[in-house]
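Next come two complexes, and both contain chain A; in the first it sits with chain B, in the second with chain C.
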Partner chain A sequence: MQIGIPGALLYQYYISFWRPFFEELGFQVVISGNTNKELVNRGVKVSVPELCVPVKIFIGHVFELLDKGVDFVFIPRMEAIRRGEFFCPKFMGLPAIMKYGVPGVKGKLLTCQINARSDDISNYKHYLPLLDKLDLSIKELKKAAAFSGEKWKRFRTINKMGYMSCEANKMVVEGVSGKELLPKENNNHIKLGLLGYVYNIYDDFVNMGITGKLNQMGIDFITFDMYEEELLDQYVAQLSKPLFWTFTNKLLGAGYQMLQKKLVDGIIHITAFGCGPDAFLGRLLELESDRAKIPYMLIRIDEHTGENHLQTRVEAFIDMLKRRKSKIS
Partner chain B sequence: MKVSFPYMGPVTAYRKLFEQLGYEVIVPPRPTQRTVELGAKNSPEFACFPFKVLMGSYIEACELGAELIFSSGGHGPCRAGFYGEIHARNLKNLGYQAEVVIFDEPLYNWKGFYNNVKRLKGDNSFFRLLRATFLTYRVMSELDKCERLLHRISPYQRKAGSAEKAWLLIQKEYANVFNGKGLALARSKTEEIIKEIELSKVEERDRIKIGIIGEIYVVLEPSINMGIENILNDLGCETERSQYLSEWVDYMLIPGKGKKEKGIMAKAEKYIDIVIGGHAKQNIGHIIDFKERGFDGIVHLKPFACLPELVTESIIPEMSRVYDIPILTLSLDEQSGLTNNLTRIEAFVDLIRKKDRARHIS
Partner chain C sequence: MLSEVYVGIDVGSVSTNIAAIGSDQKIVFTYYTRTNGQPLVAIKKGLYRLKDELGDDTTIAGVGTTGSGRQLAGVMVGADIVKNEITAHAVATTNIKPDVRTIFEIGGQDSKLILVKDGMVVDFAMNTVCAAGTGSFLDHQAERLGLPIDRFGEMALKSKTNVQIAGRCTVFAESDMIAKQQYGFSKADIIMGLCRALVRNFINNLGRGKMLQPPFVFQGGVAANTGIKAAFEEELKQTVTVPDYFDVMGAIGAAILAWEEVEQKGCSSFRGLDSLKTDFTPSSFICEGCANMCEVIKVEANEVTIAVWGDRCGKWKENIKQVKLKEII
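Coming up: the complex of A and B.
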């Protein structure tokens, strides 16, 4: 039996758990390919126009899996991974949007509710709703969850050593344990904070390959997922009332840490058109960057952003950072 | 201390609360184009529409000298819960010193709620606070009741505008209520005012009923929803909203009184089984409830790009099909004028009429 996992939204954060999990249970896991123009268009076509781009892209990935003829598409409902915080409403409504709003999904939806206390979502209890549909025993479920929980932790270890999520996920598949790795050395002059949800910074179609470009230019950057969760939580606690959405808080915590500790020369924040939480996040980061006197640039991507435009802006921003740096030192 | 509050629905009622507690009250001006523009200019571009209107409203209140603004943190996990923080920061950046006090759901943040209550109470005794709250609440529910009734009968008024005029008069009556006796008096005056409205007789089968659902602020406040109820009334349709402020207060504050809302939520279970933010879940339930109560159509109001209401909107086509009820979604923001929406509303009412007629013929 084939289970499809869309290569979008939280894919880069949790795939090191989900893939081994289903494989361990004896299923064949099919993952949709890279985002491309046609895929995006298919998502755009069936969705309510005002939906944010990442959710439209997600729908495109789901279509691709349906085309491939998978038996189920796995779309968990992400509710919470912190006490008192939630996911963006669109995540919480995702299975419902898919089931009732996207033709063809209804009979193939495989879902469960993730309501965890921390980023670690490997507790088998979250996956109990899968038992009947997939004809599994609790014992099998427990075993698979424990096994893949370890894989996910390995992924996080590598990720936090300064490797991007996408790199770290690959290394886990290749059997890298993390112990043999050295933290990524940063010896370049310019250091950048690259803020954005995993589905924005690691989807090369969405951001026109910004990570590759930065690498080419020899610019070091850090992303929120390279942080210890607890450290981010500490910075979020500065707000008298944290935001409601966990991943938005993570970006905020990372941004605050970079700015207050002056760890970076500048911040690029990638946000998607139609993102509600980022409207507030952007404002808070802007205020903090003023305070820290560290430049902050917001790049908003929509379905039609052109590559040249993005490249020019990034290059101009980096040039500006270089000039500033030579003046200061 | 000069206090102010958001302009949202029955302002007459909560003005009461602050007056009774001895505050100098600054009623913010009813939102106008200026309010909206002022708010939009001073808000993050992609903030939600209610956020922008409130921003504008607070600025206008500050211009009038407000020093303290009481507001609510909204319902469920959504952006509204965070409005106050950013509103306050923006006001400060503009050079206003007003403090913004946000009431959260007591269940979400009990201590904060308690502290805010103490803040509101000031030097008043708890007894006085309770009495003021209770009076406010009664005024609010009675006004809500009147408003509901007026939107049911106004499509049949003989003289255009008489229901609207009655509504103004009624609000004036209640503005002068300061105790139980005043309340009784206002009630009897109101009855007279309503009796004055001449109505034509309409057969039950010819009546068209439209339910209004959506995000709470745009549903409650006519000045930012183009006066949707009046528009529909003028097109000959009765209207009823999914939300009235007094019901919201019931649900939030009065234990055991939120039964109606719980019933509504239960109906939504099939589509969305958890609260995902805002009133998305309630709205799903209200669609079913309106259908069951024989309504002919539903207008769904949502602020542009509103997160939870986008989820509702995504499910609506399916629900409209399954429950066989026409549903029109309208997105509201600082750019949406009445002109482009009016045609859609008229077409929608036409559709319902045709559907209705077809049903009676067959």
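Coming up: the complex of A and C.
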């Protein structure tokens, strides 16, 4: 039996758990390919205007899995991974949006509810609703959850050593444990904070390959997922009340830490058109960057963004940082 | 007398500008023309004009390009440096007015706000997706009112009554303008109202709460419009300077950058004025190699492809044979 996992939204954060989980249970896991124009267009076509670009892209990935003829598409309802915080409502409504809004999903939806206390979502109890549909025993479920939980922890260990999520996921598949690995060396002149959700910074289609562009320009960068969760929480605690949305808090914590410790020469924040939580995050980061006197640039991307516009802005920003740095030193 | 000049070429969506500076960084030549969708023709014309004006004793010791057509222009002339508009504008302005703190640049299709401190860019904002605050907007309205754009400013200054026009969006501005015309306001009042709307829109969209410090410099094609300058001064309650060469500042910046670059590397890659005789044929096609369907732009000289861009994967870029251009031409 084939279970499809869309390569979008939280894919880069949790695939090292979900893939081994279903494989351990004896299923074949099918993952949709990279985002491309046709896929985006298909997603946009069936979407209502209220949906943000990443969700539209997610729909495109679901279509691709349906084309591949999978038996089920796994779309969990991501509710919370912190006490008192939540996912953006679009994540909480995702299975329903897909079931009723996307033709062909209804009979193939495989879903469960993730309401965890930490980023670790490997507690088998979250996955109990899968038992009947997949004809599994609790024992099998427990074993698979424990096994893949370890894989996911390995992913996080590598991720936190300064490797991007996409790199770390690959290493886990290749069997790298993380113990033999050295933290990624950064020795370039300019260091940047690259802030954005995993589905924005690691989707080369939507951000027009910004990570590759930065590498080419010889720029080091750090992302929020390279941080220890506890460290991010400490910085979020500076707010009199945290934001409602977990990953928005994570970005905020990472941004605050970079700015307050003066770890970076500048911050580029990538946001998708139509992102509600980022309306708050962007402003908070902007204010903090003023206080720290470290430049901050917001890049808003949508399905029609031209590459020239992005290239010009990134180049100009890097030029500014370089000229600034050479003048100071 | 034999002399050397450094040339900057700014290929924008609406105008193509060329400037030349001597080795003492004094401006010896400027040229402003409408691109009319044919940047290659515009560049050729400009460079021949330069040759005519400066005479045979002058040699071009370096070339820089900027603007949205900078890549194509760079390939065509063999530029020493290809730089984004932000950097080019800032370099030119700080050269002419070293103590500048805020630069407003309004061009045909985009507008920029550049904040400078101690001669360095510390922050910038660009308006790229919405034309509401740009020259195209004014062009369009001038046409509607049956008034040549070069008389717009002069007319605006005759205004006696303050007419409020919604400047958030061209579409709304237009319907608002029609309404105000029907109420019987004079053309002058309506034009001044438009200028104020554009400035308000610029400051709201790009300024976004940033501290705008004097001295202010206003440049770009729209700076020819005295009405907009007046509206800026009214809004900021400060003097706003329009530099002598306000319409070719990007080109001046590119020329200065070319001079810096040639100083550093010791020689220029400029291909000589004779190379302009070669026909450069840009064309575009949709690559059908994958679902991305990139619009690939290629430039041919004597039927040999010399430059390609627009392909996300880079497969067309890689295909270009590294032939020496001199051999083709």
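Quick note on the criterion: the second predicted complex is superposed on the first by the 329 of 329 C-alpha atoms of A that agree within 3 Å, B and C clash if a C-alpha of one lies under 4 Å from a C-alpha of the other, contacts with A are read in each partner's own complex, and residues count from 1 in each chain.
Going forward, a contact is a pair of C-beta atoms (placed from the backbone, for glycine too) under 8 Å apart; a residue touches a chain by one contact, two chains touch by 3 or more.
Note that the structure is a prediction, hence the values are computed from the model and not measured.
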First (chain B), second (chain C), both or neither touched by A:His309: second
Partner chain(s) touched by A:Gly209 [first = chain B, second = chain C, both, neither]: second
Which of chain B and chain C A:Pro129 touches, first, second, both or neither: neither
Chain B versus chain C as contact partner of A:Leu39, first or second or both or neither: second
Superposed model, chain A: greater residue contact from chain B or chain C: B
Which of chain B and chain C A:Arg324 touches, first, second, both or neither: second
Residues of chain C defined as touching chain A within the complex: 68, 83-87, 118-124, 126, 128-129, 208, 290-294, 310, 312
Chain A residues within the chain B interface of the complex: 47-48, 50-52, 77, 79, 85-86, 88-90, 92-93, 96-97, 100-101, 113, 239-241, 243-245, 274-280, 282-284, 287
Touching residues (chain side chain B, partner chain A) in the complex: 44-48, 77-79, 81-82, 85-86, 89, 271-272, 274, 276-278, 280, 304-308, 310-311, 313-315, 317-319, 331
In the complex with chain C, residue positions of chain A that touch it: 36-39, 205, 208-209, 286, 295, 307-309, 311-313, 315-317, 319-320, 323-324, 327
